[in-house]
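Following are the structures in question.
After this come two complexes, each holding chain A, first together with chain B and then together with chain C.
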Partner chain A sequence: MKTGRTIPQAKRILSNRLMWAACLGATTIAVLVLSALLITIAIEGTGALTWSFLTSFASRKPAQAGIIAPLMGSIWVCAICAIVAIPVGIGTAIYLEEYARRSRIKSLIQLNISNLSGVPSIVYGILALVAFVRFFGIRTADDAWTFGNAESIFYLQIPFGPSVIAGGLTLALVVLPIMIISSQEALRSVPQSLRQAALALGSTQWQVVWHVTLPAALPTIMTGAILSMSRAIGEAAPLLVIGGFLLVFQTPANLMSDFTVLPLQIYNWAGRPQSDFHKIAAAAIIVQLVVLLAFNTIAIIIRQKLQRPLQS
Partner chain B sequence: MKAIPSPETNMEQPTTTSTSHSHSGSPTIGEPMTLRTDTAIEMQNLSAWYSKNQVLHAIDLDIAAKQVCAFIGPSGCGKSTLLRWLNRMNDTIPGARATGKIALHGVSLLDTALDVVDLRRRVGMVFQKPNPFPKSIFDNVAFGPRLHRIYSRTDLEELVEQSLRASALWDEVKDRLTSSALGLSGGQQQRLCIARAIAVGPELLLMDEPCSALDPRSTASIEELIRELRATYTIVIVTHNMQQASRVSDSTAFFYEGKLVETGPTDVLFTTPKERRTEDYVTGRFG
Partner chain C sequence: MTSIAARTAAEISQRGRIRSAAFQGFFEGSIKAMLIALTLLSVLTTVVIIAVLVEETIGFFTMADHPEISLWSFFTGTEWSPLLGAKPLFGVLPLISGTLLVTAIAGIFAMPVGLLTAVFLSEYASPRTRSILKSVLEVLAGVPTVVYGFFALTFITPYLLQPLSSSFGTYNAMGAGIAVGIMILPIVCSLSEDALRAVPQSLRDGAYALGATKFDVTAKVVIPAGLSGVVAAFLLALTRAIGETMIVALAAGGLAQLTANPSQQVQTMTAYMVQIFLGDAPAAGVEYRSSYAVAFTLFLITFIMTWTGAVILKRYREEYE
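The block that comes next holds the complex of A and B.
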């Protein structure tokens, strides 16, 4: 047996300490930058954050401007995005993980999804402009297929034009790859032994998914959904491409309504020279953070509720 | 899709009055004694592959009904593979295939038209490591029955109790049926898995090294359970533990490198084996 040369004790202790300090340093930098950002926004924005700011429409005078239109727009667009992207994302993940056999086509799809998650969101905006807003030019806005009454909440026209539903679907495109990949990872982390147990009891593939795999993976899937929705609510670029408006003087009434969203409004205000606009931009950022927090809280509550029977 | 007829409908039993869920250990009057030695499983010229790698070579083996048959042999000898063909769990492994014949109560299991979901309902399986679902104890046992039928709450409660009693777990868990199965000890979890398999009402129970992850005391309780269950079910158990095979089984099959070396009544195989390799293995000279 060769014994090797002893590493001096002092050297081991030193390298341990150094790494500890390096990791602590990295954490401190992240926390400092984030708190600096939050504190400046809080100082600048809280003064402008009043009830009338939350309930007013945009205005040329900063003192009278409000964010009701982008606030409601963001909520509508993100709700549509969630309704579309979460089920489609989970469904795709279930197909790829639980049903699809190993094949070249599956690998190709997998590779594409991974690549799509890295595509700049503005590219999705261009795709959405062609597909959703203009419907590939098959129909123009003047002779659109119309479903329902313009007064009704279910009013729908194809092509969608730069409407709430087009915005929601655009964001769904942006977050779908993230949603699929995180759901796949969640499903993959469910022990194979549970699937085997369910199969051995005579489950069909779907019964395995519904009764075993999905319940076990759902808490992690919800985490992925939170990340996806956080991404969606912060997106401005693709919505700008599809023609999200910067000045809107109404809240969305149905899927065909014009809309703007918080990031667009913030971008608009922050770009103006007057410092009063910068203050209300900061206030809008605070509102955006609160909305994001609200979305996440809902997801965390759902996760907790689902997780309870799974704990030992 | 072809369903497997239950043994009651499959076999000539003109005088029997028993129903499928009232199996009893000792044959009742009028029931032929020969029932205990009926063949449950027949295998002829069975070969199996994982991709190009042949793991079973021309196995011929019959397994008697309502007895415990132990598969023994060194690791990689194909005994688990063979077990997993009996409920077609190998279907889940890409590249797994088999040729030859396996019949369970006369129904060919390698038939491509076979309804494997129905087969697995009739063939319970207990795995090497306890794998209870992350659900309550009650829901674990009720899982299988709920997949296949709709039960009233009281019927389901009765079925769960019967299954837990049959797996000798009822007294330990009757006061905490709604708490998580993951809170049970390893041995309890494995008995829960047996209860879960029994609850579906299988004809055959497959056990793949059911005690290898358990301590000696839990092992003893599972072995005792196996001896009790023999009255009702045909049991095939894969084990690495020679003593265990000799304690629980009626017949034993010794596999080596994918071939069936020797099979026979357990006491004969362990005391006067015909093959040299069997003797070497059961006496601990290799493996």
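The block that comes next holds the complex of A and C.
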């Protein structure tokens, strides 16, 4: 032992108390911050939150403005994002966890995914601007490949331009790494014995995945998917880069429609100097937070109800 | 009347379980190929991001009508005024310093508060308190960042900062920095807590058996044992802070200046990109292209930080049985 020094008991008791106080203080700060945030928004926003606010389009006059366009836009964009990101994320996770053998390539892909999750979302916006909105300049908007007619719900043009589908694919890129990582963790938590039992019964690798591993991991995967979607629905920066419109006076009719989303609308209103706009921004934030809370509640319910213990 | 064997065969084939070995092999193979293709999508994403950024950045540095722009002038120039003045100046240092100032303020707030909250959660809190606090943190983690920007503008700056000193303007680095700090707090906290909880109970019990107080156990056993995880959590959170866009676009101001004064307005790299992409700068113009060079710089910084975090986790992790 190199320490010959004894610390007096009073000092040790004091440091112990101080540590406890510091930890409690820090936790209190976190709780206070959340309370201050919610109270500020409630005070500013509740007055403006009316039925007509939910069902009107944006307006120059704050008293007449509403959020129907960004609300529908958020739903469209988030749905496209879910349709793309959830299957791709789960598929990638299945390959990495169930198929790929330990190799240099696998660890490189893994490192690549964790790096992607650290890339700022605005950088994904730039990628999407070049790839989805402009299609790398291979075709211009005047000379686009067109499928279906402009009135139909199946109307599609390539390049996409700043449309709903470009927005949804952009968000899919942003949340894909999160989706992959959470699905991987879910698959990893399935006990190896279940797979071995299925293999011993003569299952092929895919049968093991489809009938055993996936069902066992599904509640956790769904929780991860919902949390990814709540991330997607709150993103504004990449959509701002691809040219999400700040003022839209229609709800999306098909994949090629112009769109705006709730966070972009909040940004637009919060950035104005007049306090009346701050009030409707706060009201829009309340709507956004209610949507998020619903997402989180669903995630918690899935986690608690569907999660059966896999090992007894 | 059918025989049992025929009935069984009919039932089995109805459920589609009987397949020839050749079909089964083909099926398995195509599923595997599809999964590989999905996995390659994420690799492709990285490749395309880098290709796009590199190409556009090279385009910016080689613009024929702007021979004064070079790598040297870009990275050492102390003035960033692409839109004002007769001659645009592209020195990225003010944008980097603005980003670092906001990130530093966020880190100074979030790292101690987050780590201490994590210690509270993992070492002090009862399971009940813990689950309540975890849900508070989950709510904080789910709040869209534009909401924190709004909070900085309507609460932090007018009610916390401006009463302290009249030098704080509507837009300032401090308010934005604190809001970014609040945003990264749940990340610091939940990742550090994971790291601390991964430290085996036997280490704590051993220290208690030697007569250690809770402070001794926490500060001299648990935190050192979980240090790699805590450092990785800090790095990840700071990376998020550097890349954060909406808060700084709302609350930090729009003036790129080289300053360490938190009451001044600053422009970060991300806020500049917002300004360009929201504005109507012509797509072939020099200021539009400069945003790609800024994006590339941002990408490199965050890439290096995430990579360092991964290396720290891998190399310095203390493994316990």
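FYI, the second predicted complex is superposed on the first by the 266 of 312 C-alpha atoms of A that agree within 3 Å, B and C clash if a C-alpha of one lies under 4 Å from a C-alpha of the other, contacts with A are read in each partner's own complex, and residues count from 1 in each chain.
Note that a contact is a pair of C-beta atoms (placed from the backbone, for glycine too) under 8 Å apart; a residue touches a chain by one contact, two chains touch by 3 or more.
The structure presented is a predicted model; accordingly, all values stated were derived computationally and were not measured.
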| query | So, A:101: does it touch chain B (first), chain C (second), both, or neither? | reply | first
| query | Which partner reaches more residues of chain A, chain B or chain C? | reply | C
| Is A:6 touching the first partner chain B, the second partner chain C, both, or neither of them? | neither
| With the two structures laid over each other on chain A, which partner does A:199 touch: chain B (first), chain C (second), both, or neither? | first
| said: Counting contacts the way the document defines them, which residues of chain A are shared by the two interfaces, the one with chain B and the one with chain C? | reply: 204
| remark: chain B contacts chain A in the complex at 87, 89, 92, 94, 117-122, 124-125, 127, 129, 131-136, 143-144, 147-148, 180, 182-183, 193, 196-197, 200
| query | Quick one: in the complex, what on chain A touches chain B? | reply | 101-102, 191, 193-204, 207, 211-212, 215-216, 309-312
| field | chain A to chain C touching residues, read off their complex | value | 12-13, 15-16, 18-20, 22-27, 29-31, 33-34, 36-37, 40-41, 44, 87-88, 91-92, 94-96, 99-100, 109, 111-127, 129-131, 173, 176-177, 180, 204-206, 227, 230-231, 233-237, 240-241, 243, 246, 263, 266-267, 270-271, 278, 281-282, 285, 288-289, 292-293, 295-296
| task | Quick one: which bits of chain C touch chain A in the complex? Just the residue numbers, please. | result | 24, 27-28, 31-32, 34-36, 38-39, 41-43, 45-46, 48-49, 52-53, 56, 112-117, 119-121, 123-125, 133, 136-140, 142-151, 153-155, 182, 185, 189, 213-216, 218-219, 236, 239-240, 242-246, 249-250, 270, 273-274, 277-278, 292, 295, 298-299, 302-303, 305-307, 309-310
